[in-house]
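These notes open a run of structures that come right after.
Common to both upcoming complexes is subunit A, partnered first by subunit B, then by subunit C.
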Partner chain A sequence: MMVLRLASRNLMRNKKRTILTATALALGISVLIFAMSLLDGMDLQSFENFIAYDMAHVKGLPPGRQDEDFPGLDFRIDNASDFISQIENRPGVLAVAPRLEMNGMLYLRTEETFIRVMGIDPVKDSQVFKTLDAVVDGEPITNGEDAILIGFYLARDLGIEVGDIITVMVRSAPGALNPRQLTVKGIMACGHPDVDQFEAYVPLSVAYQMALLYDSATEIDILLEHESMCEPFRDSLASEFQSIEWHTWRELAADFLSISKAKRVAWLIMISIFAIMAAVGIANTMMMSVHERTREIGTLRAFGFSKSTVRSIFLLEGAILGLLASFAGMIIGSAFTLYLSVEGISLKAYEGMDIGVPLSDALYPALLPNTLLLSLLFGILMAVAASWGSATRASKGEIIKALREGML
Partner chain B sequence: MDNHVVVRIQNIEKSYNQGKVKALRGVDLDVQPEAFLTLAGPSGSGKSTLLNLIGALDIPDSGYIEVDQQTLFSFRPGAAPVTMAEEDRTALRREKIGFIFQQFNLVPVLTARENVELPLEILSSFSKKDRRERSREMLHLVGLDGLEDRRPSQLSGGQQQRVAIARALAKKPAIVLADEPTANLDGDTGQSIIELMKKMRDELGTAFVISTHDPRVIEHSEIKIRLIDGRIET
Partner chain C sequence: MNMIHLAARNVLRQPKRTVYTTIAIVVAVAAMTFMDAYIRGFIESYFETFIRLDAGHVKLMPSTSVERSRPTPLDQGIQHLNEVVRIAESTEGITDVSPRIRFPVLLEKETGVIPAMGIAFIPSREENLMNLQSFIIEGRMPTDSTDEIMLGNRLAEELGLGVGDELFMLASDSYGGLGPGLYQVVGIVNTGIGMLDRRQFYVPLSAAQFQLAMDDMALEVVCKVASGLNGSFEAKERLRNSLASAGFTNVSAVPWQEQGFVYQSVQPVNFVRGLLMFLLGILAATTVINTILMSVIERTREIGALRAMGFTRGTVIKLILTEAFLIGLVATIIGVVIGMSVALFLAQTGIDYTKMASGMDNFDLPFRLVIYPDPNVMTAVKSAFFGLLIALGAAWYPARVAVRLQPVEALRHN
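Our next item is the complex of A and B:
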């Protein structure tokens, strides 16, 4: 109690200095919280987009397809409905949908561009993915109709509007080029730049006609009750259906995840520079504090205070400073982050650019409890570490010198 | 061994700067319980060095020191040298020795009562209630009733030294070592501090060893030791 009382009151001896030091640390902590929340938000949104618009939880691919840059229809799963019927009633499975992906060209008047044409079963697909919910103009496609759904940026770049009739040409499975006129039924903006920029969706029945196939799929997408089920589910499918390569979304997004991890490390290094600057401030404050209180330290030692008790007074002082500053930093950082987590940080300026994340509209920082707890601990530990040298010096000095000359 | 000796010093020598400066040259001294003893002498005569050695703040080059029947240091020809471990010296100071300083050395962020309680906080034998009662009792004895909650900056120099005396005596040590306790006080205040220390000695039976230049303190002392050039003047 006495150590705590001394430590806390000592902080108020030089209020201005304490406040300045605490402010530097508080700002460092608030920046740390914001940066971590930004990265967390980026990851969470990216993961959501990957699952909701691209990869589902587990994806079945024909062997070798993943290794190709522009895989053709040679890489496909035939009799896809057999596989789907064997999978969709398993425990933990929410929905299963086939997709048939073809590379093709889109023509409208004098415009033409490369696109990925995705044949989907609108009913099944909407149970796995949210793509059809992202229609912002027109309506989603339904089974059997000669209609196409176009990505927002693709439509904007080519001046495509709902109701336009466009020509899409794909290479069919036998190898012949197969053009088809389709009516643009809807335009979708899902916030996943790849989907919004390069993809177009047609009913699976239309895709089969274009590909000259029936009951084939280039991927089987599975949505599970919970993300944590991905790996065991993938393993069970892999052992049972060996003619298909089964992947969790994390495996498919491995490149993104490793880049994300590297980005996080780079950010944390930058933030650490802030932290080191704040730590230097704390170390300086504690050094001054020890210097000013040398005679008092000598007195305590003369009274029989052990070295460790004297050291603990200064370490506790650093810890209290760290706690208060980190708490203030938590409030500032949380307030700023929460505001932006509601308002979002617009990514419009990066429209059409590859910014390395599957986001296109806005970025919403995610303030997680772990971030707050880690920041608080980080602030306290850093303050204690910065106080260590001064505290040790205070405890090890000669008592007589401290009492007589005020020197350690 | 005489049980009635609080401090026994025999043939103590202490030098600094690798032997170039000899601070004490064969000092012998016994301090009896309830002694009121002054160490006088010019600057550099060895008063403070002797006080530091008795206070277990320093160790001599040779000789023998015992405080409250605990051997602090023994280096005698033909016998194995004995030096009390640093932790044990810290414990000895904590339990047996009180200090009064020229500049009072009160902790400025603590009140008078908390300053008096400070040395008791590190003694396991004192509960919070005991500490509170003892500090109240000591502040009453030094005449500071009603000023318990004042911080040092709110007290006069004399009042601060009274707090320091209460603090030194709160744990009822075997001996109190006072280093120039009146040097920073005006004449009347200094006089009252001398009288207070003597009164405390009378009431609590604690031995006082006081290093001083102040003739009034020397005049009040019952045992006057004068050090000249590291030796006790006979």
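Our next item is the complex of A and C:
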């Protein structure tokens, strides 16, 4: 207690210096908080988009399909409804839906572009994915009708409007190119750039006609009650249905996750530069402080304070400084982050460009409790580590010499 | 001289403290130097790649295509191509002119279709533009006026084709019909940019004009300017004038900066650079303020004595600023040397992100994955200025503190 009082009094003795040193560390901490929150936000939003529009929780794929850049209909699951009916009533399963994906061309007047045509069962698909909720113009498609839903950017760039009749050409399973005219029933904007730029959705019945198939799927998507059930569920499916490759969304997003990790490392390197700068500042202040108080230290020692007590006074000074700075940094960093997590950081400038995240409108940083805790620990440890040298110095040396000459 | 001597002695009196101040500035300056070189290197290669493979310095395109983000429909291309090319070539300051057609086509492979993009050009005109001959890994460039084709390496792999094989394709022509084309594979190219190597192939313009029913037409004419990156706006004006005087009012000249999102997309990078500089500066400055303030307070009596001996306030301020300047100068030199050496070293070896990106094939970034920092004289000058500014700026407050007390009070100070 005594030590604590001494340490905090010492810090108060030179307020300006304390504030100045703390400012440096606080700035570092707030940058750390913001950077971590930005990355966390990017991840969270990306995960949401992956699950909601692309991967669901667990996905069944025909063997080999994932290794192909542009897989054709040779890679498919036949009798998909058998598998689905065997899976959908299991405990923990919210919904199961088949999808039939084909690469093709879209034509409107003299305009043409590549698209990914996705055959879906509108009822089942809307229980697994949120794609059909993202229709911003027109109506979602329903079972059996001759209609197509297209992505917002695709529609805008080609001047396609609801009600237009477009031609879509895909290669059917037997291998012939198969064109088909369809009415645009709706336009969707879901915020996943891949979907909004390259995808079009048709009812499964239409997809079967285009592909010249029946009851086949290129993927079976499963949504579970909880994300944490993914892995055990994948394992049980994998042992039971061996003709299909089962993947959790995390496995499918492995590319993304490894990039996200790499980004974190790059940011940490940058932040560590700030940390070094802040540490130099603290080490500097503590050195001054020991230097100034040489006589005082001698006096304390002469009164019977042990070496280790003197040392802990200085370490504690560093810790308190770190605590203060971390708090200040947490307040500044959180305020800035929370403001942006409401406002969002616009990604409009990157429209049409693959920026490595499945996001298109805005990025919202996410401030997680872990980040705050981590930065608090980081700040205090940093400050204590930076005071170590000075504290050790203060605890050494002859009492007499310190008293007489002011030298340690 | 006397002032510098005095300042130097004061600086050396507290070697440890001086070292701390120096370290703070050195770290900031070195980080700033390297960051500047790194960002310059990245942006430059990004721009260079974009200009080389797509935009040129200035691109002539049908006026109706200027606002479009997708390829121009084939029926809306530039007519009277030979005349347009001739006009562009005779425009002052233009060194290379090459007409191109980009056309989408579904290429058939054994198990499906590949959405591919054909680039039709006159190979002999592209030597200084796309410069693809430097990236060929097998075979050679197609030659003018033949039915030869060169494939991106990943595309060739997907199709299972090699040099000597034939490739048949059906592409929609300018009338909306399907135009057949039969090509002989003569080369495989690896540009190092995933999205091109997976999807693009290259054919002679004449063959594509025939296949797509586009006689004497192209979708774009790419121009290279003698004066480089920044000469594009001036060249655009000249091209526009010469096209207009020949009656081509429906052809627009667009500088690379106004094509697509590439130029705009680096603006946030500049903002981040500014922000980092600011933060680095503040961090270094707090340390510098701190140390100099200490040293000033410790010397309160001494400063009192100087004042009593007739030093004016201004002289004392000058003395302290000189001290800071000396420390700043040494630190800045060390910082610049460290930052520049690291940057120059890495400019030779390159920072290779390919390994980090391996297994991330699905991320098609529009630039090469090896970044070469590009330090130049301005990098060093800017960082040096930055370092000295930190040192002098941070010393200002302690200098004011030093002269706040009356000489008598200062002398009495304990």
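Observations on the model:
We take it that the second predicted complex is superposed on the first by the 408 of 408 C-alpha atoms of A that agree within 3 Å, B and C clash if a C-alpha of one lies under 4 Å from a C-alpha of the other, contacts with A are read in each partner's own complex, and residues count from 1 in each chain.
Everything that follows uses one rule, which is that contacts are C-beta pairs under 8 Å (C-beta built on N, C-alpha and C of every residue); 3 or more make two chains touch, one makes a residue touch a chain.
Just so it is clear, the model here is predicted, and its values are computed rather than measured.
Of the two partner chains, neither subunit B nor subunit C is touched by A:342.
Using the contact criterion defined above for the overlaid structures, shared-chain residue A:17 touches subunit C, although it does not reach subunit B. Measured by the number of subunit A residues touched, the leading partner among subunit B and subunit C is C.
Legend: residue contacts after superposition of the two complexes on their common chain; A:269 is shown touching neither subunit B nor subunit C. Contacts of A:28 after superposition: subunit C is touched, whereas subunit B is not reached.
Contact with subunit C, but none with subunit B, is seen for A:157 once the two complexes are overlaid on the shared chain. Subunit A has no residue lying at the interface with subunit B in one structure and with subunit C in the other. Those residues of subunit A that touch subunit C in the shared complex are 16-17, 20-21, 23-24, 27-28, 31, 68-75, 103-105, 107, 109-114, 157-158, 169-171, 177, 254-255, 258-259, 262, 270, 273-274, 276-278, 280-281, 283-285, 287-288, 292, 349-354, 356.
Within the complex formed with subunit B, the residues of subunit A that make contact are 1-2, 5-6, 9-10, 12-13, 295-296, 298-306, 309, 399-400, 403-404. Put simply, subunit C touches subunit A in their complex at residues 16-17, 20-21, 23-24, 27-28, 31, 68-70, 73-76, 104, 106, 108-115, 154, 158, 170, 172, 174, 176, 195, 198, 260-261, 264-265, 267-268, 276, 279-280, 282-284, 286-287, 289-291, 293-294, 298, 356-357, 359-366. Contact residues on subunit B toward subunit A in their complex (touch as defined above): 48, 52, 55, 57-58, 87, 90-95, 97, 99, 101, 103, 105, 107-110, 114, 117-119, 121-122.
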